[in-house]
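First the structure, in the form of structure tokens, and then the observations on it.
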Amino acid sequence: MKHYWPSYINKTTKAAPLAAFRFLFGLLMLISLIRFWYYGWIEKLYILPTFHFHYYGFDWVTVPGPWTYLLFFVCGLSSFSFAIGYKYRLSIIIFFLSFTYIELMDKTTYLNHYYLVSLLSFILIWIPAHAHFSVDAYKHKGLANEYIPRWSLDALRLMIAIVYIYAGLAKLNSDWMIDALPLSIWLRAKVDLPIIGSLMDEQWLHYLFSWGGAIYDLFIVFFLICSRTRIYAFATMLFFHIMTRLLFPIGMFPYIMIAASLLFFSASFHTRFLSGLSKILLIPYDVFCNGLTYRRHINFDRYAPYILIPFFLVQILFPLRCHLYPGNLFWTEQGYRFSWRVMLMEKTGYANFKVVDSQSGKHFYVQNEDFLTSFQQKQMSTQADFIIEYAHYLGEHFKSQGHQNIQIFVESYASLNGRKSQPYIDPDVDLLTVKNSLAHKKYILPLHE
Amino acid sequence: MKHYWPSYINKTTKAAPLAAFRFLFGLLMLISLIRFWYYGWIEKLYILPTFHFHYYGFDWVTVPGPWTYLLFFVCGLSSFSFAIGYKYRLSIIIFFLSFTYIELMDKTTYLNHYYLVSLLSFILIWIPAHAHFSVDAYKHKGLANEYIPRWSLDALRLMIAIVYIYAGLAKLNSDWMIDALPLSIWLRAKVDLPIIGSLMDEQWLHYLFSWGGAIYDLFIVFFLICSRTRIYAFATMLFFHIMTRLLFPIGMFPYIMIAASLLFFSASFHTRFLSGLSKILLIPYDVFCNGLTYRRHINFDRYAPYILIPFFLVQILFPLRCHLYPGNLFWTEQGYRFSWRVMLMEKTGYANFKVVDSQSGKHFYVQNEDFLTSFQQKQMSTQADFIIEYAHYLGEHFKSQGHQNIQIFVESYASLNGRKSQPYIDPDVDLLTVKNSLAHKKYILPLHE
Amino acid sequence: MYQKISIIILLIVTTLSCNDTDPISAIDRVDSFDRSEMLSFWADEIIIPAYMAYANDLSEMDETAKTFFADPSASNLEKLRESWLEAYISWQSVSLFEIGKAEEIGLHNYTNIYPTNIELIHSNISNNNYNLILPSNFAAQGFPALDYLLYGIEDTEEGIVSTLSKEDVRTYAISLIERLYSITTEVLDHWTESYRSEFVANDGSSGTASVDKVVNDFLFFYEKYLRAAKIGIPAGKFSGSKSSRHVEGFYSEKYSKLLFQRAFTSVKDFFNGISYDGQRRGTSIKQYLDQIQNISNSDIDYSGNIISQWNVAQSAADALDSNFKTQVEEDNTKMLAVYDELQKAIVLLKVDMMQALNIQVDFVDADGD
Amino acid sequence: MYQKISIIILLIVTTLSCNDTDPISAIDRVDSFDRSEMLSFWADEIIIPAYMAYANDLSEMDETAKTFFADPSASNLEKLRESWLEAYISWQSVSLFEIGKAEEIGLHNYTNIYPTNIELIHSNISNNNYNLILPSNFAAQGFPALDYLLYGIEDTEEGIVSTLSKEDVRTYAISLIERLYSITTEVLDHWTESYRSEFVANDGSSGTASVDKVVNDFLFFYEKYLRAAKIGIPAGKFSGSKSSRHVEGFYSEKYSKLLFQRAFTSVKDFFNGISYDGQRRGTSIKQYLDQIQNISNSDIDYSGNIISQWNVAQSAADALDSNFKTQVEEDNTKMLAVYDELQKAIVLLKVDMMQALNIQVDFVDADGD
């Protein structure tokens, strides 16, 4: 044990898997961003809404109006740039900052895989993914290496392992395992699918998918690590992602996870892939296969392990924070985000805001569509932090309209995983008197099972 | 990775730590059993009560009347026998069976550390803890070895790691971390302690202990593993166990955990300890230091790793089963036991049983002390499975007394971690119509935070 | 190994990419709810007949208007008013199906925006230079504008007859009536020519499938037009002060309850799967909900809860004055009571029903994960 | 390293083993609730005065008995009965402190087991060979047995006077009275001689500390003797059928409510920390609870909830007939109502209060983990 750490930190491995991942990941990001732009989502999700929901502590991140397009352009450019390994460190830093900024602009659009992209790009900042099969290495021969420190590849693998294992652990709950919820709700609605549609009403299928999903998430990483089972694990992974892609609108997520799974493949696999690719692109691949090992070039490299150790400690502890809040996690969603809880629940809500003049007692109701897009309304009505932030926005709005002594109450109902709808936020709490914080939200009424 | 498993399984280590643990553990068990007998607990907990609460699936384990003393005697004898390493395999099997039988007789007395003793003794069955510093090895020179397979020592260490880490994870809940409950309830009551008593009303102390306890449990194993931090970890461990021993009635628990922590100490430490001990006992210790490595002697050894791998898989998954039940875990206690949840809650209850003649509607109430000891009453009133089992017992009792058309209802209240008391079991459910099972108990009313 | 994996990946990526167009042809499904049957019933027995009846009433109105303007008299005015009311009532059964062409052109906005804008109407009349297609003219056309012209433009019957007969007013009135007719026939023709089969064929479960869209439109109608516009806004639920000026049929002063009742009945009939002519029952949302309750062994009686809440709302509504204007001004609490009961059903519809059907409120075309 | 660790272990094991005897002397504690002050108040102002008054009443009864047996007359019988009642009432204030010597000898069992066993009393009288110390004679002695002898042994006053005067009956009655006096003085002497200081010094928080034991006794008294024996059992709560024979003071037929009220008052006074003579207030469970509520910022008003529930129970009890026998036989529902109110306080006491005080119900001497 005593000497394990120094020996580990000096271990090396072939650079090919990391370079291949850098390349694929960058291209996927470029495609994602183009797709986002092409579908008009920049306009719809960021430019058009007059109000945006902020992450706690990130109120200062605002949508820069039409400059948002420039932001996306810069982000896309940097993704292409780091994909080909051109001015790698600069590109990946720009990508990390611009992508993360985009995600922080409105939490309505929160997706676990956007968060994963931010984290992966953060890790990429600290590791020499440009030491092989890159423009940088091609131009500066001193940078071209066949080997890299082993920890830099392991860091990415560890990140993927954390994602899968926490996603699996999160599935170990009674709704998912015992009642096959929410999958049974979702699958039942898919009877129109070709061929397999007729099975979608079958209860055994709901359980098969629920249990299969949990077992898959919990163990896939171990089977990917073990070389003898890797090919079967990869096939399972493909099947799993095809199924989810067919059944649910999950965008680029399956592609990212498939690319990430290649991180676990052998160096020889990746060497063949890159040399084949080089032939197609007419690049002399041999220049990278020089038997050299990447050594510290800049201070970055020296401190990288000491940045990444605390980073992973946070990654391991952060998803556990939900246990610090009382009540049903799916109901309160306190500590729900950033914890790899993927597709775990079906929640529908309705929130009707009442603006009261505390002196005259007169009141009126708010028409949410006057202020929010339907996507924002949907997200707002089931999540307490959205409701509070929106209520404060309404308070400001009506105050600026000259209303005084305003109190804002909400009549909200939500239904979780097919349970009957029940009151969500305490309707007797003036929402202007409470603030979003990390403390337990006492005004969330308890869930009745 | 490919060749890691075979190389690991063939690794060896010094036998001294394992032998020392065998010796200490056996002696501690002997002391525990004598103490149990001496305090009259055999009589009080097993012989006197007319009714015993059974673990699900273990209804067939009954108290053998006065023969219970013989059971304890056999158990004590076997613990001494395996401590000195005399007919080790037989002794440890007898100890495991007799100790586990004793624990299964009445779940009123369930303690996590009794469960730990059963698990440790199960592991000991499969590993050659008698290959060094034992009567067996002394008598049969072929058995004496200086080295043993490394996995046999690691198995015990893994068990201890599982216990600590799950105990730490279990502390990551809102009552413990955010409200310092139940520690603040317990500590407040200790103002009568000498010297430190005056601090016991201080809120910062409650938080210090809560957070300290969680961090301690989560990380102590890692610091014990790392040789540079081991001595500090051990000192912390001693401090922790002294504090808990001073504050709470936890019997032999601290001694067992201190003995177990020595498993992580270096072989040289244990060699010195055993050679010193040998001098005191006038045993020639040198005969065990023969440079030989323990090899398969019997079929046991061949299959041991394949028994222990599934065993540890179960150990890792079993504590997670609580997530399969809805509702607050502390309130329902579904999946609470056998999961290293130690001192996590203060729960007080009261259960008043009503026997109703369903035809005439006439009813009367049961005086629990007619059937249960006060210890049984205490445990019964806060745990739903106890309540159901007891209700069925009452049903049998009153039926045998000639009552017919019996229904049994319970008016029960419980208070969890200082919350106001609230109804526990649905008072409108005839308890004779429900059975204990592993399914979710729908008749437990929800906890209002 | 390398080849194997490369081939698998290639295959997969192709499959994934193809999914958007669903190349695999559908095969028979057993034991599951037949969405396309439901869609056929909706199209053939509810929506198209409703549009036909409505278009018919509009052409009737056009006739009576021509008669009136040819011979402006109190009795002809009365006939025009009657045909206006007929068409207005029929509209209530059509309004909840703002889908297809109706959605495209925004039928509702051209038909029933109230309160109508009197100044705008008068300036349009006097300018004789207006374009009814402009959104700025939403509030100067449709039934509410006709309501003003036929009932409110002068205080006396004679005054109305004479003012309506004026060249510019007549032109305006006729253009309003013809526009109503023309946009409606456009929608109806679209239905009968092509949209019916497109509608029925789109029997999937995505956010853009017919069932999802109709259910969303239905909810939107219930929430915005029935609950808010007809009851909530006049009762002051969204402004804090009641306003009888916001009553539907403000100038005719007697039909507001009739219009509301017809709209509410249409809602209930659609939910229960009763054909437009009331003669047949077909596959309905109610049946769909009941089947989901069955399959999922749920103890929530989705449809029963909704229907019984509507019954409560219906009784509350029955107690209202036939003129909501009077009701609002004299005893607004009854209006508020009806609103509250309609509101209670919103939760059952928007939360419980939508979750059971797994239909998203206002489908948002964005990724999930 | 090896030595260091060995020494640490040795030190530790010694410390752990010593803990049982707490060798470290206590030092001053600030800002925390003073248990020993509370114990002093309980001993000096509640328990010992109550025992003194009770012992005094018993010696009074002994006197009046001697007077009666010297001169058996109706008026002397009346005096004897009065002193019996006085002592019986005083007993109610003592009964909840079954601790120390009282616990050791089982004072309650020798004093107030009812219904009394008439056959056993008669067979004891006629055999003249009985040992009152035997548990089999619990139900043939104490106040209930005297109740029978003084009120129920014959139907008429004259009959009672003459029967009581009989040699064997007299002997038995005197032995009952003397035994009550002797065991009580034994308890009282133990308190004043040695137990008082032992009691106050035992101010820890273990399961065997004085506070824990008194609170448990107090709860036990409330649950078993006040709630069950005086109300619940006669009302039939535990058997399903009411039974007036189980009323306290069954033969005297008028004191049952008086006895209950005195017992209930003792309970409340003890909880509130009111001295036996009613003149002083001292540290009490109520204060203890209030302080815990303060320290822990709890929004549960532990003491307030208990007191207000007792007030409800008190009002229900006030409505009872002075003779519970009549009450049970004629209108048992009122008895049941009192029981229900007393019962509700049980949850507040046994669950909420015990958790707040962190006292275990019926301390069990076993390990935790």
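To keep things simple, chains are lettered A, B, C and D as they appear, and every chain counts its residues starting from 1.
Keep in mind that, in the parts below, a residue touches a chain if its C-beta (ideal position, glycine included) is under 8 Å from a C-beta of that chain, and two chains touch if they have at least 3 such contacts.
This structure is a prediction, so every number in the text was calculated from the model and none was measured.
Peer 1: Farthest chain from subunit C, comparing Cα centres?
Peer 2: D
Peer 1: Would you mind pulling out the distance in Å between where the CA atoms of subunit A average out and where those of subunit C do?
Peer 2: 40
Peer 1: Once you find the CA centre of subunit A and the CA centre of subunit D, what distance in Å lies between them?
Peer 2: About 67 Å, centre to centre.
Peer 1: Quick check of your reading of the touch definition: is the inter-chain graph here a line, ring, star, complete or other?
Peer 2: It is a line, because the chains touch in a row without closing up.
Peer 1: Let me know each pair of chains that touch one another.
Peer 2: Those chain pairs which touch are A-B, A-C, B-D.
Peer 1: In the complex formed with subunit A, which residues of subunit C make contact?
Peer 2: 1-2, 4-6, 8-9, 12, 15-16, 19, 22, 24-33, 35, 203-206, 209, 228, 232, 236-241, 292, 295-296, 298, 300, 343, 346-348, 350-352, 354-362, 364-369
Peer 1: Residue numbers of subunit B touching subunit D in their complex, please.
Peer 2: Residue list for subunit B touching subunit D: 39, 41, 44-45, 109, 111-113, 184-186, 188-192, 194-195, 197-198, 200-201, 231, 234-235, 238, 242, 245-246, 248-255, 258, 265, 269, 272-273, 342-343, 346, 348-350, 352, 355, 357, 362-367, 373-375, 377-378, 413-415, 418-421.
Peer 1: In the complex formed with subunit B, which residues of subunit A make contact?
Peer 2: Residue positions touching the partner: 1-2, 169, 172-175, 177-178, 225-228, 320-321, 323-328, 440, 442, 446-449.
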